[in-house]
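We just call them A, B, C and D in the order they show up, numbering each chain from 1.
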Amino acid sequence: MERTNTGVPNEKMLMWAFIGSECMLFASLIATYLTYRGRSLVGPYPEDLLNIPFITVTTFVLLMSSLTMVLALSAVQRGDARGSRVFLLLTAVLGIIFVGGQAIEFSHFAGEGLGLSRNLFSSTFFLTTGFHGAHVTVGVIWLLSLWVLTMRGRLGPESSVKVEVAGLYWHFVDVVWIVLFTVIYLMSGS
Amino acid sequence: MAERTEGYSRVPVQRPTLWITALSLVVLTAACGGDFPQSSLRPQSDVARSIDDLFRGIFWLAVGVFVVVEGALLVAIVRFRERPGAERPKPVHGNTALEVAWTIVPAVILIFIGVPTMLTLWKIDRPPQGEVLRVEVVGHQWWWELNYPDLGVTTANELHVPVGHTVDLRLRSEDVVHSFWVPRLAGKRDLVPGRENQLWFTVDSAGVYPGQCAEFCGIAHALMGVRVIAEEPDVFERWAELQSRDAVEEPGEEALVAAGRSIFFGAGGCISCHTIRGTPAAGVLGPDLTHVGSRSTIGAGVLRNTLVNMARWVKDPQEVKHGNLMLDMGLSDEHARDVAAYLGSLK
Amino acid sequence: MTSEKALGIESGGVVAAHAHEEPHASNRTYVVIALVLGVLTALEVMVFYVEALAPVLVPILILLSGTKFALVVAFYMHLKFDGNVLRGLFLGPLFIAVAIIVALIALYGYLL
Amino acid sequence: MATIEAAVPDQGRGASTYAGGVWSWITTVDHKRIGILYFVSGLVFFLVGGVEAMLMRLQLAAPGNTLLDPATYNQLFTMHGLTMILLAVMPIGAGFFNYLVPLQIGARDVAFPRLNALSYWLFLFGALLLNSSFLFGGAPQAGWFAYANLTSSQYSPGHGMDFYILGLALAGTGSIVAALNFIVTILNLRAPGLSLMRVPLFTWMTLVVSFQIILAFPPFTIAIVFLLFDRMFGTLFFEPLGGGDPILWQHLFWIFGHPEVYIVVLPAFGIISEVIPTFSRKPLFGYPVVVYSGVLIGFLGFGVWAHHMFSVGLGPLANSVFAGLTMLIAIPTGVKIFHWIATMWGGAIRFRTAMLFAVGLIVMFTIGGLTGVMHASPPADLQQTDTYFVVAHLHYVLFGGTMLGLFSGMYYWFPKVTGRFLDERLGKAHFWLTFIGINLTFFPMHFAGLHGMPRRTYTYPAGLGFEGYNLTSTVGAGITLLAVLVFLYNLVRSLRSGERAGASPWGGATLEWSTSSPPPVHNFDWTPQVRSRDPLWHDGVELPAAEEEIHMPNPSYWPVVVAAGALTLAAGALIGLPVVLLGVAVMVGGIYGWAFEPIHG
């Protein structure tokens, strides 16, 4: 472990500072979504299209990917090579399922006539969830890269900070979804 | 006053070099020094006066702070210059009492600014009571549409108001964000597409109060003038009565006027954008021209409204006001003169 | 290995106020947290479908999702165990971010 | 790069062994070289912005002038604002951060040297992309604030606004990356004993500014992404006909835009908080208060954005709240000014050029601050906003505050960077010409504004009483330009033949003066042990035994590859999908190359 003033590794601090910055990014998106809520001039409106049961499932998948992520980190720190491989891959796969769900949802919306530029709901919905989906996608690529490293046996306990940092990113993306799920889906009726 | 609106038009024709202009300016400045017809420091309405009183209070407080701070700095500069052979100064790291004091003092000064600010803010934001004159102000690139819904009057760029009578402006925009600003009468209020804003004031005395758009709104933003013409109530009523009528052509110069009319309604294509009430002209893209002959300026204050200027304007609007949205209809000099005659007849 | 990391070793101060000991929660705790997250999500969706709760839907949802948010941040992201520096690094920006959301929806008249 | 042996007795004697050549600058990851790159780029853009300003002043010298057509003028004021704030002042500030922060905290480099290089290249490419708009159909002409919906594809056809969006997205990303890097560097890489409450003020302000950058730029990024989608894909974010609200842009823009003001001014405060103690030969008066007031300004800066929007009609309640918060900022700002004066008080002041500029800052910023308080009062602001009164205010703050502070820093640290002094006589000429020039330029603007002259107008009619003020401003601008030319001459001349400077030419108190001028590649032969706030004044630094070997990071071309990928991606948004994909490929390839690059070659 490198020595720093705070005792926190540089990479980890970088990620936390980045997450702070990301808070403002998503805050801007969420604030826009909320200020434009109910201001669409033409349909379809959120209550016409949002499929709560379907999204609940993908939300659950993403939540569980946080569990597998934290288990992956724990395995890497313990030097459990098999655990690292399994849980990293599992996390990435759960992420892929989530993004796939989003793709299905998007194409369903498009099929119902809710294109990107249809109304304020579609504009704000697609950009907000799209930004989040892009974050998940980046995370999946990152996790798969780490998984390749574990397959080659190049990710031992000494470099666990790499997994820890990726994990922080992944959990943050999950946390953002916790908020988006509530704000976009569950508050759509009120 | 009339000279002012000529300012734009004179230069493109003569194209003087910068230096000649600069020299003549020195003379001009001497001549017009002290006369600031668009100055926020010469309020002529209740609202503008409230703001001006507040500003003057803040200004003198600021002057006081300025004198104290720069004075202290000056003393420090003069007294504590390094002198040869002097010892290294005593390292002072701070002084809690002093630091607390100069945190509290600015806070107290801010109370003296903040309280009058809030009082004025809420005062000028309180909607007017009693009878008001409603005017809809619609911002366009780069002119003002003015509707008096209760009087059935529609005009442009020149807001006639009665003295001593509260005017309640409802501001909106047809295209981009503009800002209505007549400094001697009120602070700015933006015209925002998709919103309606409100601004009111009561003018003190008769006169012409120039103003202009204060929010950058595109290429001709600089030339989006507005003039408030405050008149005694009886004069205003006569004006409103005249303006509410359909178009009336002034007799005289019949031949030119008739020729101009036929171009206006025919080859000129003017009616696709302009309305003249009482005629088939019902375009809505440009200003209502029903009584255009009675206005004092052309093109949102760019030119004085004379026959020559009007002819110049309809012949080549881009030359007078670069970027404006009026199309160049390719009129010949003669046709432009005829159209100008026709428009001039619409008193 | 990256060059940055190597550099950190040499230029890093040795003050090291708090040694970097991380008493991570156990895997058991992680699984329990996951179960709680699942249950809270189920509750959220239930609340969404119960007509009677419509008037208080928003406060309940904020409470439930806020709890989920806090659980993930505290346990999965180890903020509960890490030092004050990281806590400040996250909570400061989070405060400003939330304040700006609240301010904007207030400015648009949804709160007042 | 070869390992540098450090078995020499004095700090900084392990001579610099930089490789030469352009390639070595392109692949450098050394914070000092990156600092110089930032500085030079910033200076070039400062000149570009200055020429833009001069053209505008010439156009406004006389009423009804026709030197420039309105489209050109509108491009110039838009680009002048963008260039000065984002491409000149911020990068020059970043030049100081880069060069000085590691030196001031006794580190060998920043926490992530390659990331630091990436920040620079992203900034440079963004700046070039934005300015290339002049060549491809015209620069943006909707103001640096780019209010919607004037920026929609309907009202701003052509690609000017697209260059604005893409250029600033790149440069903004660069700023965020740099700021993240500096946060980690300052929090993690301080020399032993250099606790946060002993960190030099300049480094402290860098930390505050870094936090502001990482928090202020994301809302702006989101706003320009919305705008990009509105323009390219017909979304409705700022389209009133679809229910969108142009005011939302104003909110998002000023949530960024107001902190941005402090982002550019706080580094200057940091600089003069170093310069004034050194030349007064007294420690900074009330160090903790100066630090806390900076932090407070940084924090409050996020709660005052709507004071740019008093004329929008948000209602008296919102206006009152934002007015109150804005006035609060005056307190920590005023406190800073008092502390600088108190530092001078009782000192033995040497008026070298750096000190002159520092005192100039206090004079000018006081005026700018006082007019700022006037804007904080909504009724008064309704008469002042969007007029030349505001132009006067912001230039007193940004030129009179920031630029004078940056000039002060240039004279102060030039000997450290180059080993030579800037010429004092030319420096004093530079100072007085600047001081006279900017006052002559900006002071009359107060009157022009109060007498009713709106800003962003390419011309004004005769007869409103604006002529004299404008002519005076133009003359003042000419004098300011002359001052800048004197400075450039001084820079070039002193680089070649300036008087030699030793390690500590001014007797400064902070760590950067403990190593040679210019510092060696590795900054310090030994990591210093710090025991007080002014380590070089109070016997507060101890040099432990020599370290055996010092590894400095290798040069790397991956940062510039990644940045080039990002540039290709951005340009692709204007050219076509294949270019976008190429950009993504280059970026991804670059990131992998970066991740797997070995440390020591």
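Note that a contact is a pair of C-beta atoms (placed from the backbone, for glycine too) under 8 Å apart; a residue touches a chain by one contact, two chains touch by 3 or more.
Here the structure is a predicted model, which is why all the values come from computation and not from measurement.
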Interface with most residue-pair contacts lies between B-D
From subunit A, the most remote chain by mean C-alpha position: B
Which chain has its Cα centroid closest to the overall Cα centroid? D
Using mean CA coordinates as chain centres, what's the gap between subunit A and subunit C in Å? 14
Per the C-alpha centroid definition, the whole-Å distance linking subunit B and subunit C comes out as 52
Averaged-CA centre spacing for the pair subunit D and subunit A, given as whole angstrom: 34
Counting only residues that touch at least 2 other chains, which ones in subunit A make the list? 4-6, 8, 10, 13, 17, 20-21, 24, 27-28, 35
If you look at subunit C, which of its residues touch at least two other chains? 1, 4-5, 8, 12-15, 85, 89, 92-93, 96-97, 100, 104
At which residue positions does subunit D touch at least two other chains? 111-112, 183, 187-190, 214-215, 219, 243-245, 255, 595
Sort out which chains touch which and give me every pair. A-C, A-D, B-D, C-D
Quick check on the complex: what are the subunit D residues that touch subunit A? 111-112, 176, 180-181, 183-184, 187-190, 214-219, 221-223, 225-226, 229, 233-237, 242-245, 248, 252, 255, 592, 595
Where on subunit B does subunit D make contact in their complex? 1, 3-12, 15, 18, 21-22, 25-26, 28-29, 32-41, 48, 50-52, 54-55, 58-59, 62, 65-66, 69-70, 72-73, 76-77, 80-83, 86, 88-95, 98-99, 102-103, 106-107, 110, 113-114, 117-118, 120-122, 124-125, 141, 175-177, 179, 181, 183, 186-190, 192-195, 197-198, 210-223, 322-323
In the complex of these two chains, what residues of subunit C are touching subunit D? 1-8, 10-15, 85, 89, 92-93, 96-97, 99-100, 103-104, 107, 112
Any idea which subunit A residues touch subunit C in the complex? 1-13, 16-17, 19-21, 23-24, 26-28, 30-31, 34-35, 52, 56, 59-60, 63-64, 66-67, 69-71, 74, 77, 159, 167-168, 171-172, 174-175, 178-179, 181-182, 186-187, 189-190
For the subunit C and subunit A complex, residues of the former touching the latter: 1, 4-5, 8-9, 12-20, 24, 27, 30-31, 33-34, 37-38, 41, 44-45, 47-48, 54, 57-58, 61-62, 64-65, 68-69, 72-73, 75-77, 82-83, 85-86, 89-90, 92-94, 96-98, 100-101, 104-105, 108, 110
